[in-house]
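Both complexes shown next keep subunit A, but they swap its partner, so subunit B is in the first and subunit C is in the second.
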Partner chain A sequence: MNLNLKYKSGYRVPSGCAVFGVINESGRVFNGEMVINAISMMHDRSNGLGGGFAAYGIYPEFKDYYALHLFFDDSLARKETEVFFQKVFKIKYAEDIETGKNNNIKNPPIIARYFVVPKNIITVSEELKELDINNESDYKSAEEEFMARFVTDFNYGSNNAFIISSGKNMGVFKGVGYPEDIGHFYKLDNYKGYLWTSHGRFPTNSTGWWGGAHPFGFLNWSVVHNGEISSYGTNKRFVNDYGYKCSFSTDTEVLTYLFDLLVRKHNISIYLINYILASPLWSDIELFPEEIRDIFKTLRIIYSRALVNGPFSIIVGNQDYMYALNDRIKLRPLVAAKNKDYSFVSSEESSIRKVCPSPDRVWFPDGGEPVLFLLNKKGKKPEIEHSPVEYLNEYFSSNMCKDKQKVV
Partner chain B sequence: MALKLNQSEFEIHRDEQKCISCQVCVRQCSNDVHEYDEDNESIISDNIKCVGCQRCETLCPTGAIRIKQRESEFKYNYNWSPGHLKNIYKQAETGGVILTGMGSDKPYTIYWDHILFNASQVTNPSIDPLREPMEIKTFIGRKPDKIDLYKSSGKNMKNPVFLTNLGPQLEAEIPVLFSAMSYGSISLNAVKSISRAAYEFGTFYNTGEGGLHKDLKKYSESTIVQVASGRFGVDKDYLNSGAAIEIKIGQGAKPGIGGHLPGEKVNYEVSTTRMIPEGADAISPAPHHDIYSIEDLAQLISALKEATEYKKPVGVKVSAVHNIAPIASGIVRAGADFISIDGFRGGTGAAPQVIRDNVGIPIELALASVDIRLREEGIRHNISLLVAGSIRSSSDVIKAIALGADAVYIGTAALLALGCHLCQKCYTSKCNWGIATQDPYLTKRLNPEIGARRLYNLLTAWAHEIKEMLGGAGINAIESLRGNREHLRGIGLSEKELSILGIKHAGEAW
Partner chain C sequence: MADSFLKSFKNIIKKSKNGFIINAENIAYKDLNRIIRELVKNDKDHTYFSEDSGRSEIIEIQKVLGQRYIGDGIQENIKIVLKGTPGNDLAAFMDGPQIEIFGNAQDASGNTMNSGKIIIHGNAGDITGYSMRGGEIYVRNDVGYRSGIHMKSYREKFPVIVIGGRAGDFLGEYMAGGIVIVLGLNTNDFCRSNSFIFKKNEAVGNFVGTGMHGGVIYIYGDIFENKLGKEIIKSELEGSDKAVLEKYISNYFNYFSLHYNLDYNKFIKLEPYSKRPYGNLYAY
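Let's turn to the complex of A and B:
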């Protein structure tokens, strides 16, 4: 019996933290040593009650399958889950996730991964029957929607098994312990990815449980977050209204669903996301060029409940990019750096310098100013052209406040 | 029959040593309580006529007068209160309905006073609103489910086109609006004070069913014009004069019944504004006689939208009754852009006491259940929710917003700022403060410039306090508090009450 999963409760556990992320923009893969090394510099920012990593590009041989990472309380829970999975999924491959012995890691759950695709989603899900599926891309987005609902429902209804990672060609490795111990526990030097994020946790409440560690993984999203969201109740209501069920009682979960809702479901360009999550002040919007002022005003009015208030710095991973953002009055640290085709974001500059002693450029993004590092894949680049953001950037760079509202 | 019909409610204490017989009290009292006795060169006061409005006490230059609540002369009886006795004596004498004014003063639970707000410590910095930005701007109107992608018409984005049509919105600088109080029930000077304050502060006032006086048209961008069952003063011009339209179905103080402005209050100005003959009673029927069902309401909403070319938000005001949650849901589906819910402690110019004190439910519970119901149906975010019915302070505002309101209406609080002392005699039209009266001798006591300034000050003070509380909770925009019940805790409430309010009890963590 593993008590560590028993902390799933109605309680929300706010936490302070260390965050770190690195991407090779050319898509070159590298193992987890660097990121473990970097996050360990910020040991004092966490307290041993949670650490974790997300890595992209690690399962190239199964890149068309959803890689589900699961925590099980006991073998019974695992058996039940596997029977259930058999009904829903075509399971390409399944195995225990290899872990090493580490004296600092106590009571780990059973940890396993499954590479799956849903069987015919139309027959499995009543709700999806109403969707209009005409071609492959419709089917793909319906399949994603199916997975999204499956994962949230599964976690919501479960007390002894949790899906902690559900993207393709990516995975989340996390648990209770210091991040460097967790990294070694999972033997991350055996994995090679082009994008890594990492998190060291300092919960402000003593309960640390394996499922509540970060990164939070959902489809291809992984989110690490330092902060406590004062707008949690409002944001949670917002995502609930669009069908997301919050079961991990963490701010990070809500942030992840916000990204999924806005970017995947509402098709809002990643370039516009900071104008929602860390929206400019009304008084700033008044200074925007008249032609596009209404766009930003409308965006804020419609998505007022998605404004994330209170201190946060987040790093969001995705198959295509690494994105970092601070709250709009910068109440948490966030520093970014670039060295050739490697790009970094971190809570502290020290951890970047540890793995990259003299980067080409180091900068501190403003509150509400996003940092976006794109993977240079052909045809994959999110469109900034023809967006109001581009217009806004041009406007501000040709006017008095040159450094304002600049998208990197 | 020798019944105690004459028991006075108040005692007037006059310090004869201080009194200089200047007769200010005599001139100020419209109830003729004070009388100058020329023979004795002194003033005699009649306790029985006193309504306790404290005008004389406030204006006495030497501080000679004190108005005190009089101890009951009736034998103590918990069940049969003096109120019951007096009402029965009066009704036995007259056969009439007992009238009253303002909101209910009965000791029902005031849920605002059983709710505590949160603040940040350590894990989350509180924000100082005097040094950091703090936003309380609020938009009222219908919102779409999602934004649709923009498309540019040219490569260089000179003319970006936005596909989402947001629909008309009211933009309020503070989530506090002035409630519907008609010209007629209150004086023109009172309406002038309120409309001007709303205009200058950047919020809204509501005409009630009193029509729109020509002197107030300059404040039209801050005006919500009401369409009530009497349709007084309503024409196309009126509808298009305001920033928004509100259909009044009910009022918290008197759910289910109409209104009656006695002919003696209908002077020339009131008659032209309401478009009725001078001296005629203005009777608002209990229902709208063209709304006997929800589909009729939908038709009126769409008729009003047609008349204003879909340029104004159209809302519906209802009183908080037992079935308020499904009623609100129906209103959203009928096409309203906002719903105003008036709780049973809301004020009135005149209402039967039996209705005011016994019909309806508290706004706190109505708000919580409507918010939850609309969310369950997935339509809460489409409309704005305004609540009224005794918002007494900035903390009530904060709690209402955290429970799920978009903004609040204040009526009684605004009248208090204009000098009202809550004597509850509005229906007599003898208001000594120049508010609830049309008597020119009394109304000139209220200077609209000073009145507007006092209301502006009140809003300014509340804005400061709201910002302080928001900042304390680590929030710098009011929208992040909206429906954020995690920041509320109940105190001294039962499980059932907590579950209806959707909040935890004090002492429970996240």
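Let's turn to the complex of A and C:
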């Protein structure tokens, strides 16, 4: 069975991996053709052992329901799961995810989706009883917390059924194969989203199996990743202390939980996340002016176990934005581009130019420098907090920093 | 074009007055590179000669997009003109040709290149001139991280990289020979080089010349001491340095039709402390 592949150890090959993401910042939706076209340019970066896509805005008719995408080994696993789901969820709609025949896609699992909301979470979950729920927004965050725990527990305890996507109005479509084959297999030209990310996999430290393909989906988060996380063990134990259990035998999974923990649960601004995951080196921090040096020291010390070491470039999707980040010393490629209200990030410039021949602007983000493209909601300008990057740039551009640094 | 392989691509190959024009749209890199090799092989008598480049043949490739390994290992005295965005490992192990790119280059251009020239009318990605052994690379604007990493010289082989804009971190990492010149002039903010937290007004990023034990880096303007790798020192420019700088910088201005009035006294020269910094490592 495909899903059981995860229990076999893999062979090792030198890595490549391709990532690509595009967002229409005005929220205009477009089908999956563009993203398939772009990722297929980087065919040679992957080796056919994993490809996948995440799309946002694809289920407007069920936008208030959690869209669970599942892989099942067999119909028995499906049946058991559905019986369990009926106890926990109000299931608005369920169906097989439509797939097409593709000769390059071998032995797919059973793939289905369920649009659900949890029944009264207080009665279902003992643990959540202690939560103080006074209003709708409390209930909403309790519900998210319930879903988060449900999904991690479900995947951790299972070896024949996996929830690969659990957000609202979004979905992950992935599997073993080249990304362009996976894209056609799932008929992504039938879906319309405003944000798409994609991945071509070249697995190095773990086996290529359906659940281990990227993107990793968890609530509204999706993560695609090129590289390897040397600090996986530390990061995994860190998120585990907060109840997240890693079940997919692939390092990228832990990034998804880190984002969920830091942004959703610890309420840290997305503008600060890079200072935790790809924190400035101590030698840089020492040069910062005292009053902001403390902020960075604090972040590094409190979140030392959330520091992600090793080479990586990642693209993170969310209902509100697309976010990309490199490791601090930029051991993986990342190119960003902007053309009117479309914004792109990719492993290679050529894949951006394939779908957008002459962007207004193309640039290489630095190591540890985040790229953030926000969705403008209904003509309303997003509420942007003052970005620490802007703040620090202003700060350093003043003469204050000069006396800290000795000119040669 | 007697060759049957070339015949199968006759729709995309046209003769021009001094060589060939290839339309590379949707052509796989393996096919494209084989076409170039076959064309070079078939023109051993050098029918075509360009006085302009001093090269015997010009192969112009249009609509290049992401094809890797272009010009790799070619040892003929030809000129290749690329219009578009070539893929990674452009001109790897190249030994002779001149490649001119009207667009940006991706990662690892000039990887272990032995001789020849690469002229990039745009930006170049990470590890430009990776392990370069000889020849020259001119980049109009900016380069990514780790340019000139581990380049080295030997006898008459002497690699040179001229960067018109800015360079990212780790410039000349483990560099063992040759010259890197960074002008920091013609930048389009493609690569913000300095750790982005700092103000982006310097020509190079952090960790310049880390592990460097040979060669020289010239930078136009001053840089903060904390950006230098611990293996290198700043030294005074001598008369011979100015001659070297003038030679390569005038090439740079010619290739890109640019002109700046440079004050040569503003260049700083970075050299390694020691040719064998790790000579005693593991030796006791």
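Heads up, the rule we're going with is that the second predicted complex is superposed on the first by the 365 of 408 C-alpha atoms of A that agree within 3 Å, B and C clash if a C-alpha of one lies under 4 Å from a C-alpha of the other, contacts with A are read in each partner's own complex, and residues count from 1 in each chain.
One rule holds for everything that comes next: a contact is a pair of C-beta atoms (placed from the backbone, for glycine too) under 8 Å apart; a residue touches a chain by one contact, two chains touch by 3 or more.
Everything quoted here is computed from the prediction, not taken from an experiment.
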item	value
Partner chain in contact with A:I329 - subunit B first, subunit C second, else both or neither	both
Most subunit A residues touched (candidates subunit B, subunit C)	B
Partner chain in contact with A:E349 - subunit B first, subunit C second, else both or neither	second
Contacts of A:N267 with subunit B and subunit C, given as first, second, both or neither	first
Partner chain(s) touched by A:D44 [first = subunit B, second = subunit C, both, neither]	second
Which of subunit B and subunit C A:E369 touches, first, second, both or neither	second
First (subunit B), second (subunit C), both or neither touched by A:T234	first
Partner chain(s) touched by A:A55 [first = subunit B, second = subunit C, both, neither]	neither
Which superposed partner A:S283 touches (first subunit B, second subunit C, both, neither)	both
Intersection of the subunit A residues that touch subunit B with those that touch subunit C	283, 329
In the complex with subunit A, residue positions of subunit B that touch it	120, 122-125, 127, 132-133, 135, 137, 139, 143-144, 146-147, 149-152, 155-160, 162, 164, 166, 169, 375, 378, 380-381, 402, 473-477, 479-487, 509-510
Sites on subunit A touched by subunit B in the complex	11-16, 204-205, 227-228, 230-235, 237-238, 240-241, 249, 265-268, 279, 281-283, 291-292, 294-295, 298-299, 301-305, 307-311, 328-329, 331, 386-388, 390-391
Complex interface listing, subunit A residues touching subunit C	41-42, 44, 280, 283-284, 287-288, 329-330, 333, 335, 348-351, 353-354, 362-369, 389, 392-393, 396-397, 401, 405-408
Residues of subunit C touching subunit A in the complex	29, 65-66, 68, 84-88, 104, 106-107, 123, 125-126, 142, 144-145, 168-170, 189-193, 195-200, 205-206, 222-226, 228, 234, 268
